[in-house]
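Below is a structure I'd like to ask you about.
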Amino acid sequence: MENVIEVNNLTKKFGSFTAVDHISFEVKQGEIFGFLGANGAGKTTAMRMLCGLLPPTSGKGLVAGYDINTQSEQVKRNIGYMSQKFALYEDLKVWENIRLYGGIYGVPEPQIVSKTNDLLKRLGFENERNTLVNSLPLGWKQKLAFSVAIFHEPKIVFLDEPTGGVDPITRRKFWELIYEATDRGITVFVTTHYMDEAEYCDRVSMMVDGHIEALDTPKNLKQMFHADTMNEVFQKLARKAQRSDS
Amino acid sequence: MTNIQESEWAVKCEKLSKTYKPDIQALKNIDLKVSPHQIFGIIGPDGAGKTTLFRILTTLILADEGKAEVMGCDVVTEYEKIRRNIGYMPGRFSLYQDLTVEENLKFFASVFGTTIEENYDLIKSIYQQIEPFKNRRAGQLSGGMKQKLALSCALIHKPKLLILDEPTTGVDPVSRKEFWEMLRQLKEEGITILVSTAYMDEASLCDAIALILDGEFLKIDTPENIVRQFEPTLYSIRSLQRSKLLTDLRSLPAIDSCYAFGESTHATVIHNQISPEALKKYLSEKGHTDLEVVPIAPTVEDCFMELSKQMHQN
Amino acid sequence: MNSTNKNEHTHPTPTNGQWKTFGSFVQKEFYHITRDQTTLALLLILPVLLMILFGFSINTEVKNSQIAIYDPSNDVATRGIIEKIKASDYFTVVRMLNNPAEIEKQFLKDDLKMVVIFSDHFYENMQRTGKAQIELLTDGTDPNSAMTVVSYASNIIALYQQDLFKIQQIPFEITPSVKLMYNPELKGPYFFVPGILGMILMIICSMMTSISIAREKEFGTMEVLLVSPFKPMSIILSKTIPYFVISLINLATMLLLSVFMLKVPIAGSLFWLVTFSILFIFLSLSLGLLVSSIANSQLQALLFSGMVLVIPVVMLSGMIFPIENMPAFFQWFSKLIPATWYISGVKKIMIKGLGFTSILPELGVLISMTILLIGISWKTFKYRLE
């Protein structure tokens, strides 16, 4: 099984402040990889580097087979991204959003129409194709945003706290979507503040003060830290933090 | 601060409704009573109406219908009295990004006609955690620190009632835990705290809660009572073949609903229609190994999900 | 945490407490402004830049205009006038034309600004009938400089006429059409300084104040401030004070630059000039408050002040384009713009050196406008979020 992400001693400094300090890890294809950490631990910075949005200070990274240092444009084209605020155009219709992002992600023109129809069918949105996004219930918007993020069948999709503030049922339905995507071979790289969601991941990494303090399956982490839940694991690890809080 | 009488209810709402243009009903006929000297949580997802409710209570917007009283004062006619006597922390912390920690606190103290020194003992345990950074600009603080600063600023004038709108959103679990610790200590000081959150696990840290969804309250009670009133039977199920579990469970008519819950899966069963043993047998026949099926008491989250399902069915 | 159990909070008396709070509001506003160094630099340097720009580079004086002359008479009068024209800095005689047919062709070929066309038997006509005619043909595609060269030429002709009168005691009438453009002295900076003063004060006071208030709304801190004992109006007033101070600084800077760099002296009373300017500052601040009660975001405040306030000031207040040249509707409209009255008053005091009584109409209008604006701001002021 190939690695969709390979990171080696990745570092990012802002002046004298080291936000990300020589992190190294891999993410296997088809995995659900949870990327956790406290505020200020360096999570967001690391994610931005992996998405090709921020150049590293030093170190190497390969995402979807492309070098984040030298091939950031290709990286962006071969990944999907969904952030907490969804980034759909509220005043456009459902099919217009799909079409727009299809174009942005470089899906070949002749395929866009057929793929759009397929997607609408799969989501059960055929009757909603002409509905404005801002009239959709929150759960549907989320579904749509996620589907749009993987419309171009990228190897990996980055999810930045996709379920923040969402009601419990919709949250879980969203994770069922994630499972469906991994069944199709898409790798999922997700950050979250909900510790129960950490349990849904195949492997979880915890960033503390710019380092990766732990990386393993939830089961092994709980064993290692004598904890019953990922929440406890998080609490124990984060207490070691020097930076920001405490 | 003019004296405000000790009233029976810290907050009282009657048939409160608010609609935003064109036809978004943010609050539908809300009734609420909050006793003083407790932590009262408004639990619900984004868009449920929490912020709208809080803005009405803090007199920032007017309801379309209904009445509300805060500490015995009407929110429409006596708004000035209310504004002088409560502490308010809106979403996004609302601090001055380009002022330092100390300057922010000094400023908010003076807004209420007091000084840091006068009420220092009240905020001491909170402020001490950020005091080493007192000369740092607020914009450069991490989420957890901003939260503590915003709380200090809301407390500095020793209000009797604190209204906190989603103070833990976007903050990591460790900071969240510390924050709730601080709230508990404030309650010991006699301060009434009305707090909203989307995190279901924080509900059990409140003395009483109101579950809110789509502008309506699903239930108002203590967390213990809400859990006690949960009707269906609840099982926690673990299996090695996790991905198949949901599909297999859903194909059973006896199972009313099932969802992932961290490591395990929770399934609700109507009227004890199937026993744990029978369920275990069914699942192992489907190929599940390392199985565990146990009845459990629900959490507030389970209750919320059940209640919201009922609401949508009606 | 242990707190001494004072039953109710003892508070300073409302009056001195409110003043103290007001003081910390003003202090906070100063912090915001001084820590946003880019904007601060802009606010203090912009006036200097504008003074230099308008003073030196944009010059409505049109020197060394290329002209041609067609003189069929070639007599003592025409030669006399032509000598004067040639001697002037404003003109460069490129060509003497021989043939009226050439005129149009040469206009295009030599890029001429004007052709002076004397009539036949110029001096003879003058002696006989007491009248003579000169045609001044100008390039209408640039009406502004066209009118300027015409007025220069007309002045020269008028001077000649005066000289002739001194010698011959006969009131000859040489009739070009004299349209005196911008300012009688025909000097650039004299015209612009009052306009720049008006524009800068308007920008700083109304635009910046409204943006500052909108920023509080945008960042959510306004919510916290509203839910406090502090009166909302005081919040707003505290925001105007730093911009008041910056305006005074800029006023001083601009007056100093005007006098020492551009050599436009303050002909009248400095005291009245400053007092009048302070009145205009109050007015602009109230305009800023009014805009802020409408705008919900900084962008809205910026666009609104820019579109509705600054641009009309620049276009219609008489700062660049003379009001007399505007169509009737705009002339009427420009009377509604406070800056028009301010600039008019400044011109009277500063440029023409007139006394206090001469600006009574302007004072009256500005005072009424200020009272009206403050009144409207007060009424429309929103002490809730909606």
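We call the chains A, B and C, going by the order they appear; numbering starts again at 1 in every chain.
The definition used in the following text is that contacts are C-beta pairs under 8 Å (C-beta built on N, C-alpha and C of every residue); 3 or more make two chains touch, one makes a residue touch a chain.
Predicted model only: the values in this text are computed from it and were never measured.
Think of each touching pair as a link: the shortest run of links from chain A to chain C has 2 of them.
Distance from the centre of chain A peaks at C, each centre being the average of the chain's Cα atoms. Averaged Cα coordinates give chain B a centre that lies 57 Å from the centre of chain C. One simple way to say how far apart two chains are is to compare their mean CA positions; for chain A and chain B this gives 26 Å.
Chain B meets chain A in the complex at residues 44-48, 129, 141-145, 166, 169-175, 177-178, 198-200, 213, 243, 246, 259-263, 301, 304-305, 308-309.
Residue ranges of chain A in contact with chain B, taken from their complex: 37-40, 138, 161, 164-170, 172, 175-176, 179, 183, 193-196, 199-200, 218, 229-231, 234-235, 238-239, 244-246.
Those residues of chain C that touch chain B in the complex are listed here as 1-4, 8-9, 11-12, 17-18, 20-21, 23-25, 28, 31-32, 35-36, 219-221, 223-230, 384-386.
Residues 1, 3, 55, 58-62, 80, 83-84, 86, 88-92, 94-99, 103, 106-108, 110-114, 119, 121-122, 124-125, 153-154, 157-158, 185-186, 188-189 of chain B touch chain C in their complex.
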